[in-house]
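Two complexes, one shared chain (subunit A), two partners (subunit B, subunit C).
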Partner chain A sequence: MKRAMTLALAVTIGLLGLVLAQGRTVTLLWSGAITGPTSDVGGPYAAGIEDYCRYANEQRLIPNVTLNCIVRDDQYQNPNTQRILEEALDRSKPAIYLGYSTGAMLQLKPLIQEVKLPTIPASAHIGLIDPPNNQYFFLPVSSYSEQVVALMEYINRSEKNARIALVVNPSPFGRAVVDHARRAAQRLGQTIVDVREVGGGNLDNTALLRALDAAGAQYIIHQNVAGPVANILKDAKRLGLDRKIKQMGAVYTGGSDLIRLAGDAAEGYLWASSYYTLDENTPGIALQRQLATRYNRSADILNSTNYTAGMLAAAIAIEAMKRAAQRFSGRIDNDTVYQSIIGMNGPNAFKPGFAVSTKAGIEIDFTRSEQTGAEGLRVLEVRGGKFVPITDPFTSALFRQVRNP
Partner chain B sequence: MRNPWAQTGNYRTSYAQDTTIFFNYREILSVGLLLVALCLLPLFLERSQVLVLNFILIYAIAVLGLNITTGYAGLISVGQAAFMGVGAYTVALSAPSLPFWLTIPLGGLVAALAGFLVGIPSLRVKHLYLALATLAFQEIFVWVVGRSPALAQGSAIPVEMRNFLGLEITFRNHNYFWYYVILFVLVVLVVAWRNLLRGKYGRALIAVRDNDRAADAMGMDPGRTKLFAFALGAFYGGVAGGLLAYMQRAVVVEEFTLVRSVALLAMAIVGGLGTVVGSILGPAFIEFLRLGVERLSEWMKANPFIQSITPAGVDVASALLPLSFGLVIVLFLMFEPRGLYNWWRLVRSYFRNWPFRY
Partner chain C sequence: MDLAQNLISGVAVGCIYALAALGFVLIYKSSRVINFANGQLIAIGAFLAYALAVWVGLPVLLAMLLAMLLTAGLGFLVERFFLRRLVGQPIISVIMVTIGLASVLDGLMYLTPFGSGNFTFPQFLPPGGLNLGGVSISYPQLLAIGFTVVFLLIFGWFFQRSILGIAMRAVADDQMASMSLGVSVEKVFALAWAVAGLAAASAGIVVGAVSGLNQDGLIAIGLAVFPAVILGGLDSVPGAVVGGIVIGILQSLSTAYLDGLLAQVGLVGGGSQYAVPFVVLLIMLWFKPHGLFGTEEIERV
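Let's look at the complex of A and B:
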């Protein structure tokens, strides 16, 4: 009897030790387009989140906590996104949600507000952090609108009264920037000569480019994904307009995808991005290289800025969870993670090394009212088949004025 | 008259009997039992599973409408999602000032008006040419919404309903509340559908589909019938769109693109064109197929053996979903063009005659 009791006690202590060693499980949810439209962005983005999560679990970034990273394919369909989110809310109660597409995120705003779930979307649509129902949304990098206004400010440095055409995706994702760009142009003395909507399948852009040339456009600013932009760049080169009209665009227009698709025609293209490139030696990029090798990722994924973007989103989420555990006696849930995110500023700003810092040396910071993480960005240019930074990191001075005029 | 509860065949002896909504008492009983089961079903499901049911029922309403236009009147429409969109945007704009039980029918009526206008080309063109006219409407709808500041240029317009007769609608009961609303609307619209088809307007639809000149010679007005079919089909679409707007708490234009129209047409084909049962089986089959393949795809991605035998750089698991969706439609068109309804008919006729073979 005594031996049996000793044995039972030993087994109980062993099991308890095992449970304590393993700790609790906390869920992080991402759903996005691994297949379907924009999967060229969604695939690497998902890989970035998966890999950073595996790394966080292996390194025990949050002591005594195992991360349950749910990465699911919504095929770019809003009903699927809603179902996946509600399924997770029912079954695993995620502490944070990493979202994806503009449409789905805008649609889910009321639900996210109601369930008070901190959300870090891949979409940088300004409407996500504009009222109403914006409290729990946090953009990892500056919004599309801010990127476009920053590009206009960059143009203004070298050329006053420039004539600019906007070519945007025919969707809320593309149109988000138009109003802000018009207001910025007014203040900078620039002229928006035309706004055109161009989606995928734009195999011949002769008419578009001729029309913009006839309208006197000196610059084209794109808010799109890489495919349509690459086709326009190739046609501009074919028509000899690449020397006459300078083209540039916001974050999802550029990266390795653009260079792969446009080839030589991409030379000279300007890109607004907050992310470091793979050629730079920063802790984040070094980690990206290391993880891509460790988890057998292809060269295409390693080279993709969207892989970096996925890692940055996951890094912010996991850092917020870690801080929640420290601040709230191990309690990691939507409420404590939200408190941690809005406390991520000043001396507590986060510096993972995936994105450039502002002049104040801050990479990622959030407050209750300032819901943009990396506010610094650079303009990069394609030179010799690579994006090379041609400016120091800067923050748009004008955007905050045109956002709420 | 034989015992109506024991009928194993067609014993109808009068025209009035031939035009009843239900053919026999057993059918009334089975429909009643089905409704009771559907009312009890959410008690056994998770909230997110009820959401899936809601989508199926909403698509079923839209497919019912499509079946009036395409299945019964034979007018090919690839603009049903746009009609849903008209209903959804009507709801989004009127929801702040009207209760949902007014906004949803209003959405249907505005969509019906749009359907009437879109149907005008059907007075002059047929078949593929008419399909192109509806395709044009579909594209024009998306284009107009994208350029209308009043419709947020396709961005989200919130549609929230927080209270109904003192019942607070929150995240916890949202899906359950809308399940019962959608189910009620579906039942009303199915009964209206059956009621329509047993009368002269329903027969006119079939007559015009089969031969509009012959229908004209017999005193029917093919033009008016076609416009009626378009308007009614669009009404069903508009109601479905309005319900979807409330279900999703916001309206965005991406929900009402050509892709959705094609998906609705696929649901109608898979279910069986021109049938009530097919209008419900089609969306259910496609949605459950989507869920099943999604699970299979996730399992394949997590399985090291499967990953080891697939060539590097080829993501078979991810490709499974679009592949299966296309394959199912092709297989149905080739081997069962009458859709799932035919299987249902065979099963039902077997049990109706049971234990006799004939």
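Let's look at the complex of A and C:
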């Protein structure tokens, strides 16, 4: 009996020690399209979050805190996203939410505002950080609208009064850029000759391309995912229109997927992106390589910019939690994480090395009113089967004017 | 010249729809069952071809041929295990099974590496396409037209001349009467599903060659053919081809001409190609409820 009691006591003390050594558990939630539409983006994005979380726990990035990173597949279905979020709010009370699709995020804005949940979405729709109910949203990188306006500014550097066609995804994600692009064109003296919506399953784009050519388009700017853009690039090359119309697009149009799908037809495609490429030597990209090897990720995942994007989102979230713990005596909750995010500026800006820095050397910064993290972006071009930067990092001055005319 | 180009492009896309529609029609023709898992068969066929070509390392054309046969085998097994027990049961029960089957196949594919991401076949066709007097057509599109012509000829002969084909038509007409005359309804159904699998795989392979392999994109093609099969007539093989081509041409022409007109009246964004087939379908069904080539059924009281 005595021996049993001693054993029980020893086990209890051991377990207590284990719990104390592990510290508290704090939850980070992500839900997005690991399967279903846009899973070509969501799959690597989720992998980036998972791997960074695992790394953060292994390295004890937040002392005495174990991260409970919940990564759920919502299959790009808004009802699933809402159910997953509500379930997590009830059961695990996430300190921060990493969201995904434009539609779901726009739909969940009022709920997120109500529960005061800091949210870092994969979607860079400007409407998420525009009022109302925008207080708790933070975009990791520049918005789609800013990317498109930046491309228009880039065009303006070499060609005045350009004639541009917009080809966008038939969804809030695609349509996000249209109004800002129109306003920017007006200020730059450019003409938006046509706006077309093209989704997946665009098996032939001959009619589209001929119509845009007939309308005098010199440039096509895409706001889409890689699949539809690749099909348009291949058809343009077949029709000989690749020499006549220059094509370019915002962040989710480009990357390794586009090159794989479009092959040679991707040559010359311009891409606005805030992220470093895998060929660059930065701390973030080095970590990406290291984690992909350590966690046995495929070459496709490693090469994907969306893997980088997922890691950046997780890095911002975990850094905010870490700062919350330091600043608020170990308290990591929605309020302290929010305070940490809006304090991430000036000398406290965050520099993980996943995204380009502005001239001031700032990579990621947020304030209460400036809810975009990496404001710098570059234009990259496909050359020899690779995206290579052809500009220095810049921010679109014009975008700030057209955002609030 | 633009009109000729748009017509040719429409025919090429229409042939892809026709290929996807053939499996649909074959099953309906023999069993009066609308197969809602058609898109999943298309996706499985395409992914099998990819897996055999890239993972196993077979020559692409051999991989495609094997994938078509394997998908035919899958169609056969589906009929054997899920649908055979439902012979003689209400059609709605069978249709519900195909909806459930679609969900199960979807879920199983999500568990594979194909559940997420884009894939491309190793290059097996020359890049670019043919240019005939200013009219351009890509090689994958030519492949689609070739497949469609071959299938149309084979199925035309099969249903008109072969005993098995005539038995299939008999079963479609009256299951009980066919059984009483010694026709094996089970065999006919199994054959219909196997051939539907073959046609679905060919559609998946062509779509993969044209625009890469993506699970949702491939499944969506299976559903996009609804207007084509209804337009052509649910039980008509030539109808599926004509319906597919008509829909392809309508989409091409609406993108070329209607979107521009809509923009002039303030409806920017285009996308009329997604709506026009359904509008035409509705109008046509007022006049021909059984489709262009569908069998008109007259019930006598």
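Please note the rule applied: the second predicted complex is superposed on the first by the 388 of 405 C-alpha atoms of A that agree within 3 Å, B and C clash if a C-alpha of one lies under 4 Å from a C-alpha of the other, contacts with A are read in each partner's own complex, and residues count from 1 in each chain.
Criterion: a residue touches a chain if its C-beta (ideal position, glycine included) is under 8 Å from a C-beta of that chain, and two chains touch if they have at least 3 such contacts.
Just so it is clear, the structure is predicted and the values come from calculations on it, not from any experiment.
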item: Subunit C versus subunit B on the shared subunit A, clash or fit after superposition; value: clash
item: Which superposed partner A:Leu89 touches (first subunit B, second subunit C, both, neither); value: first
item: Which superposed partner A:Ser396 touches (first subunit B, second subunit C, both, neither); value: neither
item: Touching partner for A:Ile34 - first (subunit B), second (subunit C), both, neither; value: both
item: Which superposed partner A:Gly127 touches (first subunit B, second subunit C, both, neither); value: first
item: Touched partner set for A:Leu261, first subunit B, second subunit C, both or neither; value: second
item: Subunit B versus subunit C as contact partner of A:Leu111, first or second or both or neither; value: first
item: First, second, both or neither for A:Gly103, with subunit B first and subunit C second; value: first
item: Partner chain in contact with A:Leu203 - subunit B first, subunit C second, else both or neither; value: second
item: Partner chain in contact with A:Pro172 - subunit B first, subunit C second, else both or neither; value: first
item: Against subunit B, colliding segment of subunit C, chosen among 41-49, 59-67 or 95-103; value: 95-103
item: Footprint overlap on subunit A, comparing subunit B with subunit C; value: 34-36, 39, 43, 170, 175, 197
item: Complex interface listing, subunit A residues touching subunit C; value: 34-37, 39-40, 42-44, 168, 170, 175, 178, 194-198, 200-204, 206-208, 210-211, 214-215, 226-227, 230-231, 234-235, 237-239, 257, 260-261, 263-264, 300
item: Contacting residues of subunit C [partner subunit A, same complex]; value: 2, 5-6, 9-10, 12-13, 16, 110, 115-118, 120, 123, 127-129, 136, 138, 141, 207, 210-212, 214-217, 220-221, 224, 252-253, 255-256, 259-260, 263, 268-271, 274
item: Residues of subunit B that touch subunit A when the two form their complex; value: 46-48, 51-52, 55, 146, 152-156, 158, 160, 170-171, 175, 248-255, 290, 294, 297-298, 312-313, 315, 318-319, 321-322
item: Sites on subunit A touched by subunit B in the complex; value: 34-36, 39, 43, 72-73, 75, 78-80, 82-83, 86-87, 89-91, 103, 106-111, 114-115, 127, 132-133, 170-172, 175-176, 197, 298
